[in-house]
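Next, two complexes with subunit A in common: one pairs it with subunit B, the other with subunit C.
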Partner chain A sequence: MAAPTRLLLRRVIRLSHRCNNVPAAGVSARSRCCWGPSTCRCFSDVAGDRSTHFGFETVPETEKAERVYKVFKNVAQKYDTMNDVMSLGIHRLWKDMLLHVMHPQPGAQLLDVAGGTGDISFRFLEYVHSQQERQKRRMARSVQTPSSQDISNNYSTEHEDTPQESRAVVCDINKEMLNVGRKRADSMGISAGLSWVVGNAEELPFDDDQFDIYTIAFGIRNVTHIDQALQEALRVLKPGGRFMCLEFSKVTNPVLARMYDTYSFQMIPVLGEVIAGDWKSYQYLVESIRKFPEQEEFKHMIEDAGFYCVKYHNFTGGVVALHSGFKL
Partner chain B sequence: MFGRVFGRLLTETVRGPSGVKHAPLAQRAASARGVSDLKDEAQPPFDTSLLHFLVCPLSKKPLRYEANTNELINDELGIAYSISNGIPNMIPQEARLLQKDGDTSAPPTHQ
Partner chain C sequence: MRISVHISTMWLYTGRLFQRLNQRQYVLISKVSAHQVHSSSTGFTNSSYNGLYPGHIHTTPIQKLVLAVGSGVAALHDPHRHDMVAVLGEATGHLALINLRDKMRNDPEGYTILKERPRIRLSTLDLSEMTSLPDGSFGREYLRFLQDNDVTPDSRADVRFVDDEELAYVMQRYREVHDLLHTLLGMPTNMLGEVAVKWFEAAQTGLPMCAFGAVLGPLRLSTSRLKLLFTSLGPWALRNGHRANCVLSIFYERRWAQSIEDLRQELNIEPPPVIVRTAKKRNI
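Moving on to the complex of A and B:
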């Protein structure tokens, strides 16, 4: 009993030594806007090898995808529980807000990239089904003096008239996350309109102009070449389609930023060790958040990829930002 | 605010999504059941309706479903994407090369 506690204590002390420098540097760097796109994504070209960041570490680009894969393979089983614990359940509200802003209509086709355990897709299907119910009720009410025969006719023709069923495709690079998601779907009884595909956001296995909505929630910061992922998003969306990205971002308020940094670096890896038995993966998580471009910069990246009307909403003081753009 | 969060947590865990399974998707269910008759092993069936929008990530061309080996074949490039647990694996590095004479080679080394 004493040994694991000692190990944990040693790790905490080591981490706090490391982190005493980091959050201060992070906050002051943000205020001075030192994180240019070049430092964020690519380091120097050494003998032709390009390197990138993996959290605060520098790794060859070819290695990043594999290391990210290992992180999510390790955390897959405890992923949903950890999300609840780390965000105190608030991640559910962020995802609900995404759906609220999305406001999908029945018949919409969703591609949920880095969809992992399926949170966004489940919410999407629930949302469109409740929209469908609401439309049926509205139709039934609009008939002035309905007889029971009329009402039953309305209900039966409704099914035939539906031009296309809503569909959600969950695409993730990691099989384990999809397996967990699939088990969740089975236990929740959701199967209709839901598909699972293992795929790379930088090289999507879908044809052009296929989807009405493309979402990537808390996944794009793990992609090695974000600009390629944005290009692919533009390709697979129908004209008029919407790109929506939910991701951790820069906290605007300095007091909140300090509290958030302390919580991130002191609490989250400890929780990761206690609950999921994996300190390093959650260390990567909080570091990768710091390396991701801030709201305005990411907005420019999305515009550069060819999206129009790019906007962002901040949630929880900028802890999370929802970026949205249209393919026109 | 936290009262609302806890309330939602409780209702979500207790209720779960209610009306989702009542979608009128008899066609899709029937096609899935038809495929499952072919291979009744522990694996859930592959939903062939996915082929409508699934393409090879390299060439973006349509794929052919091979029921015997449970793979999606791109004949043009000579590669096969495996399907496990009903979920197709569309990562190019994990695809299998098909030799021209019909023999299969070992899968290309990937991370």
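Moving on to the complex of A and C:
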């Protein structure tokens, strides 16, 4: 019983901190409102016995994490193949857009939560490496004709301020997904600056103020308590750090929405059965998209957690949304 | 017309019943079948499920089409995907299953099977009793087949995509009888044996999945085995598939003590023309 009480205590303390700090106008009203229902949530947690959604099914909260674990354990081996088939390869473009918006600089520390098979982390490392190369080339070009004084200066400073190496930590609750990711990294030859950690998004195994960027791509809808995951994100980010969430969202165009729904419910479980041998897991994944809050609501949730300048971009007509916020 | 069919089957059934009561060996087996009736009924009622039977997943015709095509391609691509062969069978077998079910209904023993719904599982087989049966008896040979080929009756996937509860049982029964067919036909589980059984099943049941396997299976055989298939095994399998009685209409669980030759004669199956050796024989 120690762990849940600890969690509860931490949440109550955090809530009191949040509502004591006077945030920017516009957010203050909302944080006062959230004080009420949040305390209610704390108390009913002690009572236990709450239920949540698992796709279109209702399950006890305690069971959801276990069932999600089983889903990803089953699909881990074929996860990447299925992503390519289901999205016709478009998921690669979405992830590339995430990196483009992120625009990380060399030396950035990334925490990739629910990172599983490593797509975001690999892209991050390639991005910062190419940024580093570009910077080096620019520097080299600018000092094409150095004076002898410049040359001696360069030699003396070479070993001094080596910039901090960029680092990507892939954190996932599921060991199978991490194993698949590690194998991919090995086969791609990426190892420097990459680490793999088992952890729960609702209770991250990291200290406060550690990371420059926190990403969670297509993972947050599987978390039982999304608000807890957001609070943990706020905690582990450095001040000035950026929270970025890529997730399936509500399609705005009604024609596209109908086509998307038909494709999701008719085709995706069939593809899951044929390629991964698992109809039910992909049925869950498709249903869980419908249960996730839409763009504006999720934006409010992120603001409630304490992030500022929260924005979202829609990709592919709202099939996927990228939410971004800053810890100030 | 249906009432008269029922009356005639009831008449045949009572006649057969009298015949059976006179034969003592069936009394011993009755306790096994009673146990099975109990277990099969509890098996269907304990878990909650959406659909016509536990594990049933509703599919539209388009989904069935995509499943059929996809599973066919997947099975060709990776022959180890037995689940894909199963899905192909379910998605394409509607008409053949109706045909099989009707054949079973018209046979008194088949009708009993449809009513009692026995399932062949390791848990329901009385292994100690079966090992004590004499050589040449069906139960003993079946056990020998399971041991020699290192298979278990529990590895059959559940039926999911058949949209009728009784037809789903017929499909399940067909899957579970597959190993018994191997024993009856004397075929091991290597590629040649499997293809021979598939040819028999294709001729017997008319399931498109069996035809699919029958046509594409030989592609993976060596030339010498292909020759054996096309000269002796194949024609024998096809011929017997056509002339044999419906193999699903036999209550195998009550026939363990029956001699295998006797059972073959009853079903109108000739013994195999060639002895096909199993590659993996356990030397323990």
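Just so we're on the same page, the second predicted complex is superposed on the first by the 263 of 328 C-alpha atoms of A that agree within 3 Å, B and C clash if a C-alpha of one lies under 4 Å from a C-alpha of the other, contacts with A are read in each partner's own complex, and residues count from 1 in each chain.
The criterion applied here is as follows: contacts are C-beta pairs under 8 Å (C-beta built on N, C-alpha and C of every residue); 3 or more make two chains touch, one makes a residue touch a chain.
Remember, it's a predicted structure, so these values are computed and weren't measured experimentally.
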item	value
Fit-or-clash call for subunit B and subunit C when the two complexes are aligned on subunit A	fit
Contacts of A:Leu98 with subunit B and subunit C, given as first, second, both or neither	neither
Touched subunit A residues, subunit B compared with subunit C	B
Touching partner for A:Met267 - first (subunit B), second (subunit C), both, neither	second
First, second, both or neither for A:Met188, with subunit B first and subunit C second	first
Partner chain(s) touched by A:Asn200 [first = subunit B, second = subunit C, both, neither]	first
Subunit B versus subunit C as contact partner of A:Val223, first or second or both or neither	neither
Contacts of A:Val320 with subunit B and subunit C, given as first, second, both or neither	neither
Nearest Cα pair across subunit B and subunit C, whole Å	20
Residues on subunit A engaged by subunit B in the complex (per definition of touch)	65-66, 69, 84, 88-90, 92-93, 96, 122, 125-126, 129-130, 133, 159, 162, 165, 169, 173, 175, 178-179, 182, 188-193, 195-200, 203-208, 210
Complex interface listing, subunit A residues touching subunit C	266-267, 269-271, 273-275, 277, 279
Subunit C to subunit A touching residues, read off their complex	57, 59-60, 62-63, 66-67, 70-71, 73-74, 81, 83-84, 87, 160
Touching residues on subunit B, where the partner in the complex is subunit A	2, 5-6, 8-9, 12, 16-17, 19-25, 28-29, 47, 50, 53-58, 60, 62, 84-92, 111
